[in-house]
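Given below, in the form of structure tokens, are the structures.
In what follows, chain A forms one complex with chain B and a second complex with chain C.
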Partner chain A sequence: MAMSFEWPWQYRFPPFFTLQPNVDTRQKQLAAWCSLVLSFCRLHKQSSMTVMEAQESPLFNNVKLQRKLPVESIQIVLEELRKKGNLEWLDKNKSSFLIMWRRPEEWGKLIYQWVSRSGQNNSVFTLYELTSGEDTEGEEFHGLDEATLLRALQALQQEHKAEIITLGDGRGVKFF
Partner chain B sequence: MDRFVWTSGLLEINETLVIQQRGVRIYDGEEKIKFDAGTLLLSTHRLIWRDQKNHECCMAIPLAQIVFIEEQAAGIGKSAKIVVHLHPAPPNKEPGPFQNSKNSYIKLSFKEHGQIEFYRRLSEEMTQRRWENIPVSQSLQTNRGSQPGRVRAVGIVGIERKLEEKRKETDKNISEAFEDLSKLMIKAKEMVELSKSIANKIKEKQGDITEDEERGGIMSLTEVYCLVNRARGMELLSPEDLVNACKMLEVLKLPLRLRVFDSGVMVIELQSHKEEEMVASALETVSEKGSLTSEEFAKLVGMSVLLAKERLLLAEKMGHLCRDDSVEGLRFYPNLFMTQS
Partner chain C sequence: MHRRGVGAGAIAKKKLAEAKYKERGTVLAEDQLNQMSKQLDMFKTNLEEFASKHKQEIRKNPEFRVQFQDMCATIGVDPLASGKGFWSEMLGVGDFYYELGVQIIEVCLALRHRNGGLIMLEELHQQVLKGRGKFAQDVSQDDLIRAIKKLKALGTGFGIIPVGGTYLIQSVPAELNMDHTVVLQLAEKNGYVTVSEIQASLRWEKERARQVLEHLLKEGLAWLDLQAAGEAHYWLPALFTDLYSQEITAEEAREALP
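Right after this comes the complex of A and B.
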């Protein structure tokens, strides 16, 4: 399946791959990088990555242009994403991360809206049902990876709109 | 007149009176001064003059201070005089009626006669030099050299002397301080002169330059350094001196100023030069070519690479350009991050 990902104009602009010393310029640059990382991961359905993978991925390495974003700058971009709530480190060494093109709170909201719309408050679902069930086909969160889903439900739990429970071997959720 | 020393008029032990004469007036060189009527006493050691009206006004000169004496005969309406030529006052001289005098001789005018005898006696004492052989209190001795004088305290006079010593000491400290200050002022004055001369040299050079070598109103400090030192030939300026002198340019309201870029590079630019405006034209040039390195830009515009780089860096600082730093080198691009959505 050909990935017809549309690269933004910055991707073909050599300065994009040099961390800009001018603070205002850097702000714009980093915003563009964050946006690119999220749309790239969304299209490629990539929910997690290691830093090593990232370095060699076409995302940070434009072979045609002969420019790569240096690893220190990649770290800075990832830190920006973490601050915005789109990234979570999966280990203490910061070698691999979870990337969520939508923040968990946003997913939680979408899921709860569907639950309310379909009048299924006070129902219990397995995690599988939510992401892969027939009922959710066509919903945006259909096909969502489990790690992100769990964080979305945890966000709802914080708001007392849901509770994560154990169901048999796996986990489920009750909506209020 | 500055050789005289205040005295009590009392003779010291071993000092003998030789002759005295009333009605003597003292002249400072050729000038009449206020000491117009006194008694002149000659001792084995000193020449003493005491005011007839005010006996407390009493001063003396050690005979050792006298170089030679002359007679001046009386004339019509003029009294006979003795001219006394004197050695310079010693540095540790006790206080007297005059601190300074431009004259190195005094005249003694004998208004009530007695000049002839006095002169004879004075000449005799000058020949015999009895003061050299008869020691008296230290303050009467020949102190033409700088002797560390221990001040002998003898009654009120002793206290006065001690106070005088203290005053001299304070004076000395103040003079030294003023010496330092005046040295500092001389140095500052040198710097000011230096700044002006540098400004002139640059101006001259500007005048000499052909169109090909147009400086564009800005020169790096190293270029100025070479310029100035080449012109001087001798007594070259140190880099530190140059920087200090250039710091004064703006203060002295000369048409040049020293500017230090973020990188630390220093330049001299015309007051009228507006580097920020040059940046706008730099942006145009870079945009036309898509991107430029410092070397490429320098060549295009006709500037030194050092100044070209500073201009591009300033443009980047102002947000007009951004950079591409890779193995291929450092290139500057128009800042599309800001201009494009």
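Right after this comes the complex of A and C.
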């Protein structure tokens, strides 16, 4: 879905790039940052990022305004996203992360709904078929990156609605 | 009638005449009162006729509305007096301001999340007009002020703060004393204010300036900016003109619902 990205009003508001001392204001600020990160990544189809990239990205660095969110504050925003289930660290050093604008459980639900709707319970799919097959064109999860897909399927697996299996030299999934 | 003695009679007559003069004085005042009352009644009737004839005009035209209300004020009539009455029933003028008051509250609630409960009259005006849609009656800033004064009188926590030739409308009962108000007025120019600016313009001690700014931060009316040139800048979302005519987000609209 291609649409021009609309920066929220906060992005042009200089203090947005300073962590606010007032607790209530800070809560609003962090909520706005989380929202912004998710919609930015969604539009730019970015599913993973390094902290270094993030620092220099227009997301956290508004060149025109001459303001950038300091790295300690970026870490706080990322931690908020992690707590909400939209972010996962990809390494122990917390230098790169997976960003999911929809939580894995939510993706899992959508995938399972499609499976049920099309009467394909008890069918087996390759991961590729799910995200890039003809049958799923038009579905929201079409084009989903593999890392997020796996986590979505793992969530379904937890609910005993699916099982991740090995298929040849790749992976697949069976739905129940 | 039999004749009284000349002496007694004369005195009695005199006394009676005096009494009559006195009475006449009273009668005169009464007369005047009656006349004034009749004039007032006529005036009132004329005003009612006028109002009835121009009802549509009054509802549609903000300038006309101002003139009409000035006229009413002259004879001590308040068309916005709540409760039933000739004016609100006949003109529905009361309803108009009541509805406007409700709209104002809705806009303020929806934007409170952003601006902490302070909003410029201009922005309020724009948002109210937007909410009313193309076919609704036109609403002026004068109408807004009147509606807000009504809200204020009802004890809803509304306040009107004069700044730079216009007004900041306060919709949250945050404590704002003279010091705070004066700093708000100073901030209106650029949307932000600094300690140095306050010291220079108002000739205050640093500590006094700092305390006011701390208070504004605490009330959620100001945000801190540590990346500005020189010193910390304190920005007020309410005064940030870039925010004008920005759409109320779905999130904010949800906040407005009780």
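Some notes on this structure:
As a convention for this text, the second predicted complex is superposed on the first by the 173 of 176 C-alpha atoms of A that agree within 3 Å, B and C clash if a C-alpha of one lies under 4 Å from a C-alpha of the other, contacts with A are read in each partner's own complex, and residues count from 1 in each chain.
Quick note on the criterion: a contact is a pair of C-beta atoms (placed from the backbone, for glycine too) under 8 Å apart; a residue touches a chain by one contact, two chains touch by 3 or more.
The shown structure was predicted, so the numbers you read here are calculated from the model rather than taken from an experiment.
Once chain A is used to superpose the two complexes, chain B occupies space that clashes with chain C. Residue contacts after overlaying the shared chain place A:R67 against chain B and chain C alike. By the document's definition of touching, neither partner reaches A:Q158: not chain B, not chain C. In the superposition on chain A, contact of A:R12 is made with chain C only, not with chain B. Once the two complexes are overlaid on the shared chain, A:Q120 sits clear of chain B and of chain C alike. In the superposition on chain A, no contact is made by A:S132 with either chain B or chain C. Residue contacts after overlaying the shared chain place A:Q75 against neither chain B nor chain C.
In the superposition on chain A, A:N22 contacts both chain B and chain C.
Clashing C-alpha atoms with chain B after superposition occur in a single stretch of chain C, namely 112-120 (options considered: 58-66, 94-102, 112-120 or 166-174). Shared contact residues of chain A with chain B and chain C: 9, 13-15, 17-18, 20-22, 24-25, 28-29, 66-67. Here chain B touches chain A in the complex through residues 291, 316-317, 319, 322-326, 331, 333, 335-338, 340, going by the rule given at the top.
Interface residues of chain A facing chain C in the complex, by the touch rule stated above, are 8-9, 12-18, 20-22, 24-25, 28-29, 66-68.
Residues 9-10, 13-15, 17-18, 20-22, 24-25, 28-29, 32, 66-67 of chain A are the ones that touch chain B when the two sit in their complex. Residues 113-114, 192, 217-218, 220, 223-228, 233, 235, 237, 240, 242-243, 246, 249 of chain C are the ones touching chain A in the complex.
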